[in-house]
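One structure below.
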Amino acid sequence: MGNTFGHLFRVTTWGESHGGAIGAVVDGCPPLLALSEADIQPELDRRAPGQSHLVTQRKESDTVRLLSGVFEGQTLGTPISMLIPNQDQRSGDYSEIAEKYRPSHADYTYDAKYGTRDPRGGGRTSARETAGRVAAGAIAKKLLRERYGVEIVAWVARVGAIGVECDPETVALADVERTPIRCPDPDAAARMIALVEATRKAGNSIGGVIGCAARGCPPGWGEPVFDRLEADLAKGMLSLPATKGFEIGSGFGGTELTGTEHNDEFYLDGDRVRTRTNRSGGVQGGISNGESIHFRVAFKPTATIMHEQRTVSRSHEETTLKGRGRHDPCVLPRAVPVVEAMAALVLVDHALRQEALMGGRWAAVGQRSVR
Amino acid sequence: MGNTFGHLFRVTTWGESHGGAIGAVVDGCPPLLALSEADIQPELDRRAPGQSHLVTQRKESDTVRLLSGVFEGQTLGTPISMLIPNQDQRSGDYSEIAEKYRPSHADYTYDAKYGTRDPRGGGRTSARETAGRVAAGAIAKKLLRERYGVEIVAWVARVGAIGVECDPETVALADVERTPIRCPDPDAAARMIALVEATRKAGNSIGGVIGCAARGCPPGWGEPVFDRLEADLAKGMLSLPATKGFEIGSGFGGTELTGTEHNDEFYLDGDRVRTRTNRSGGVQGGISNGESIHFRVAFKPTATIMHEQRTVSRSHEETTLKGRGRHDPCVLPRAVPVVEAMAALVLVDHALRQEALMGGRWAAVGQRSVR
Amino acid sequence: MGNTFGHLFRVTTWGESHGGAIGAVVDGCPPLLALSEADIQPELDRRAPGQSHLVTQRKESDTVRLLSGVFEGQTLGTPISMLIPNQDQRSGDYSEIAEKYRPSHADYTYDAKYGTRDPRGGGRTSARETAGRVAAGAIAKKLLRERYGVEIVAWVARVGAIGVECDPETVALADVERTPIRCPDPDAAARMIALVEATRKAGNSIGGVIGCAARGCPPGWGEPVFDRLEADLAKGMLSLPATKGFEIGSGFGGTELTGTEHNDEFYLDGDRVRTRTNRSGGVQGGISNGESIHFRVAFKPTATIMHEQRTVSRSHEETTLKGRGRHDPCVLPRAVPVVEAMAALVLVDHALRQEALMGGRWAAVGQRSVR
Amino acid sequence: MGNTFGHLFRVTTWGESHGGAIGAVVDGCPPLLALSEADIQPELDRRAPGQSHLVTQRKESDTVRLLSGVFEGQTLGTPISMLIPNQDQRSGDYSEIAEKYRPSHADYTYDAKYGTRDPRGGGRTSARETAGRVAAGAIAKKLLRERYGVEIVAWVARVGAIGVECDPETVALADVERTPIRCPDPDAAARMIALVEATRKAGNSIGGVIGCAARGCPPGWGEPVFDRLEADLAKGMLSLPATKGFEIGSGFGGTELTGTEHNDEFYLDGDRVRTRTNRSGGVQGGISNGESIHFRVAFKPTATIMHEQRTVSRSHEETTLKGRGRHDPCVLPRAVPVVEAMAALVLVDHALRQEALMGGRWAAVGQRSVR
């Protein structure tokens, strides 16, 4: 259970890191969207290992195959199955982590829950699972862009203590992609890169924060009371490996403000009702208000470090363990496309829900009543 | 849509603030749990208006009636319907807010989504809706306590800039309930109370942070990959009115740490695998690890303030609006039982999911394989 | 679990026959539909006991109260809560059926599943639960009629061995309602009534078949592969008390035909693609084809009879039991509005799903490609 | 949407008949079940084309690959992905059926719903999709057999007018598999085979009925009120291609009986509460009662016939069409394992739901109260 996300645009991911393959099935994608592997592969490449010296040098080309749901270059409205073969299966020696619980990994909790786990490369707990989300998110992003004019961009806003304020209204994908750290501010990017390199050399790891903006969403997306747009975004983000927090708009910082400081006043921008400030982060009462949706996600430092740590074995003996192999000292650069993908999955699902509520012939009914 | 929460223990809330009544239906509560209105009413009283001079003086006794699902003092396993009549319906004059969009409220977004809304007391957008969650949460809390020994306690951790560090292992409900502000630290509580009173006198409002701990959860609750325990907690919390952020364990602060600083080493405590520190917040890989689950929720300042603000009317004219009536200058004290309720709803749902996976006759199978 | 039906238009029913009340909550009804209790009560009256000498003389006025989701006579898009107080609670003496399992009732299976049950009036197993479905179905019917021009009519097609062939294209509600047995054929109706009266005098009961037609559905409703329109109709019908079978279009009879006899040839009716025959029952490949949807539902004889039967007690002793009180000798007349309600709930849910898929701005995309 | 089945044991199928591949993902299968391709392949072989002269001679070996969810021969509790490559892709000439709507097929309705379809081999509407169900069902069957002792067997009960009464208590798989028609009665089987052969020679097709029994289910499976066991069985069966009806226990025939004839009296069989007759079909009030569950499914004649039929083209012109190629004159023999698979999927889902409700530590609570 728990491997499916969404109510109308539904994604199911599957696969262990070093099993036969990993993949995703998207059900609920509307028909007649132009789609090919060329729409998906670039997003996977942004997430792939080995793309820069900042990230793990593990070798996985993460090449996606589109197995269903598309005919003559267009979606059919039927499930879209995407498969990514596993190449780097060096499952050579996993006997140590099969036996010893890696601190702050999910080895122990999987054993406690299931009574078993696949230790090869972390099995299902590997962040490799997020490749399936990125593939599905690429479809969601295209649908949002082409049918609603929505653009989603995420960026590294902080690594360790090195942070930068970016304006969610203007951050450009090109600026994000300019450096391997994916921070759009060149100066901050340089300092972040230096910090990550030093951290890796020290066999250590470091956390940080990713910012994300969705621009161009129409008002009306989001379902009160439980399926508020920000609630589903929070769920999507906290479902990502290594995340420890989520905040939208003014977030934790805004809790120190008073109402007079925090409220977003309305004004008229031609026909559009807009807010002068956007501390709400584009969502009010769980529903998008037409302003940019922006939020931030906290990532802890990677759990795998090249230092000896005390731990416990599967057979309940105290022992020690030292990380080996090729790991990311900082997950953030590779997590940027994953955050975008999850945001897209949440937004497209709510877009379809709103179509169901007020779409088609009912749109006119609604239009009449709201001037 | 969006008014139901949970996969196996499902809650549906309904009702507008000044409509006929509000209520909740719980489906999936196991049978043979002793239950009466006396189990539910005290939790509603903690959330009710008028309980202290710090909160709104609106008069709603919030008296719950148990209409189904219970026979001779025990649950039947059938849906439990709970109804709370609306008393204070002074819908006297809502013509102004029927017409003018209150800044940072959901008036505009409801109109944009539905083409209509009930303006009386905020209708469905009123925080009064959370009474239904508290009623359902009271059942979840009892089930968690009686069948699993789980205890949930939340507290006000910060108001504006006045914060306090509380140890999630030891915060006691009695200490929380000692002051009307629901901060267990007496000194901080006094300063918070003074701040809230000053804020109210100024016709203003103030935000803050609620901390919450769930103690006694067994390892194994939570469903990777999308329905991680922290993902569902994040969703539950961000589905509450006025929330802007969620963090678990080390949260945003932990993102500045390195792996050597952040990792939770394992050790043996008798038969139990435990961690020396708990920066994970009781959850690893989306699954509880047996340590206390602790998280924090950010609440923005109440949107209603007694100051004139610029806004826009339903008929698209720029105008001004000034709050009137009886509102909370700070939602936090009344939000404490609501946070507990949502945490309970998330946890009990995952408890039942784990029963499905490894419960009953299968428990033995699992037991055998994990030493 | 199991008390909610629908994916986008969701109904949750609750309540025991002789508990505090029964009711239903509808989530997902679009806004701006004119709705009041006057739209719902007539449907409940068709289902109510005591409406004729053919049905139980139990006294329940089944008066519905609309508690939420409606403002100034129109739906809000928020949950619609409907409550039906229980009046006839003569729970006087239920000690016998609390102890003895009534043959072909659910007393034993409830005990086996839940370890408990409410014996008063059958508790949750009472067909009284269907009043909630009828109330919800009344809303669905109105939405289907006003927004899609769909009309649903059910009728008693057979009682015992007395059957009649009715043309699903033409059966009129007025003809159905003309007699208390709800068979539109006057002659068959008279013979059915005589059979039911004789059956009641004999302290016995009798089964039968209800036919149902939904006319005016556009092509395109229904979701392959699991949520086929006929699959959801079958589920809806088999979820009704006392049902033992469902068939659509040619049904079981059609299984004796060959392909040349059974296939529905297409022809053009102006712009419309139509079929010359309708053995498909209005559904092909799980999707409506624009022809009338028609199906039949088998109801067993009422389990309660005034004859002594052998049975077993809760404390595992063999014993005998004889029905007493006021029961329906034949459930069919009262089941007619219930079948209509379930059909409406299925259809409206698929109507909304199709809006999500091809509604709103996407309709144009689809239109272009299908000539 | 609509490509997922089940609440706790969830199956998603994907794939077009002549696309890249077809497959299924199972989420929710408990861990530690021994599983390999050898458990699945034999069931696929029973469904495969070309297995006898009675069925289509299309060449698809339907070889399954297990891509995830299994480690060292046991399930992990993570999603099980199964892939079946498409071999026989002779998509040679589909231009005719791309343009002309085949009568009683889903060509027209897919176009009406989606504005597009994959015409090669019927695309998603091909019964080939059921291979994914059979693969998933093989896992469900194994779980039911090994953990609950439940055995499921289906058989051809009628072809055209040639029917046979089989005792659901005793039909043996070996007898079913003895003949290519899958009717356990040798004499009837011979006559059915002759009828199917004659039908094929005539370029025609013929319908029939499949019976199915699930033996060994404990009491307590099934969730009233909407998710009754028979409701989910009905949905599962009517979700199969070519089905037109479902009946359980006494079914349509039982509607002619009176209550005294129909009721199943209880008696004690040692400690077990049992019924002397089983007109209920093993389910009472939506919950299994411990007797054998038996039901029947109506299949229409295959729509593809080698006769010229009148129809309409995609560009809205009247035309004619004559079937060609390799099709089944009678779907029933190959549908037998599919019916078993769907039954297994329904039952295992309810088994898990009941574990959630009364499993684990709660079992004892329930046990105490039911004597």
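List of remarks:
Read from first to last, the chains carry the letters A, B, C and D; within each, the first residue is number 1.
By definition in this document, a residue touches a chain if its C-beta (ideal position, glycine included) is under 8 Å from a C-beta of that chain, and two chains touch if they have at least 3 such contacts.
Everything numeric in this text was worked out from a predicted model, so none of it was measured.
With contact taken as defined at the outset, subunit C and subunit D are each touched by A, B. Among the remaining chains, A is positioned farthest from subunit C, on the basis of C-alpha centroids.
One inter-chain figure worth recording: subunit B and subunit D are separated by 44 Å, centre to centre, where each centre is the mean of the chain's CA atoms. Chain geometry summary: the mean Cα position of subunit B and that of subunit C are 38 Å apart.
The geometric centre of subunit A is 25 Å away from that of subunit B, both derived from CA atoms.
Residue positions of subunit C touching 2 or more other chains, listed in rising order: 1-4, 7-8, 13, 28, 31-32, 77-78, 113-116, 124, 224, 353, 357-358, 365-366, 369.
If you check the complex, the residues on subunit D that touch subunit C are 1-5, 7, 13, 101, 103-106, 108-116, 124-125, 129, 158, 160-161, 199, 204-209, 219-228, 230-239, 241, 243-252, 254-268, 271, 273, 275-276, 279-281, 283-290, 298-305, 307, 309-312, 314-318, 353-354, 356-358, 365-371.
For subunit D in complex with subunit B, the residues that touch the partner chain are 7-8, 28, 30-32, 77-78, 147, 224, 352-353, 355-363, 365-366, 369. By the touch criterion stated above, subunit B contacts subunit C in their complex at residues 1-4, 8, 10, 12-16, 19-23, 25, 27-28, 31-32, 65-69, 71, 74, 76-81, 83, 113-118, 120, 123-124.
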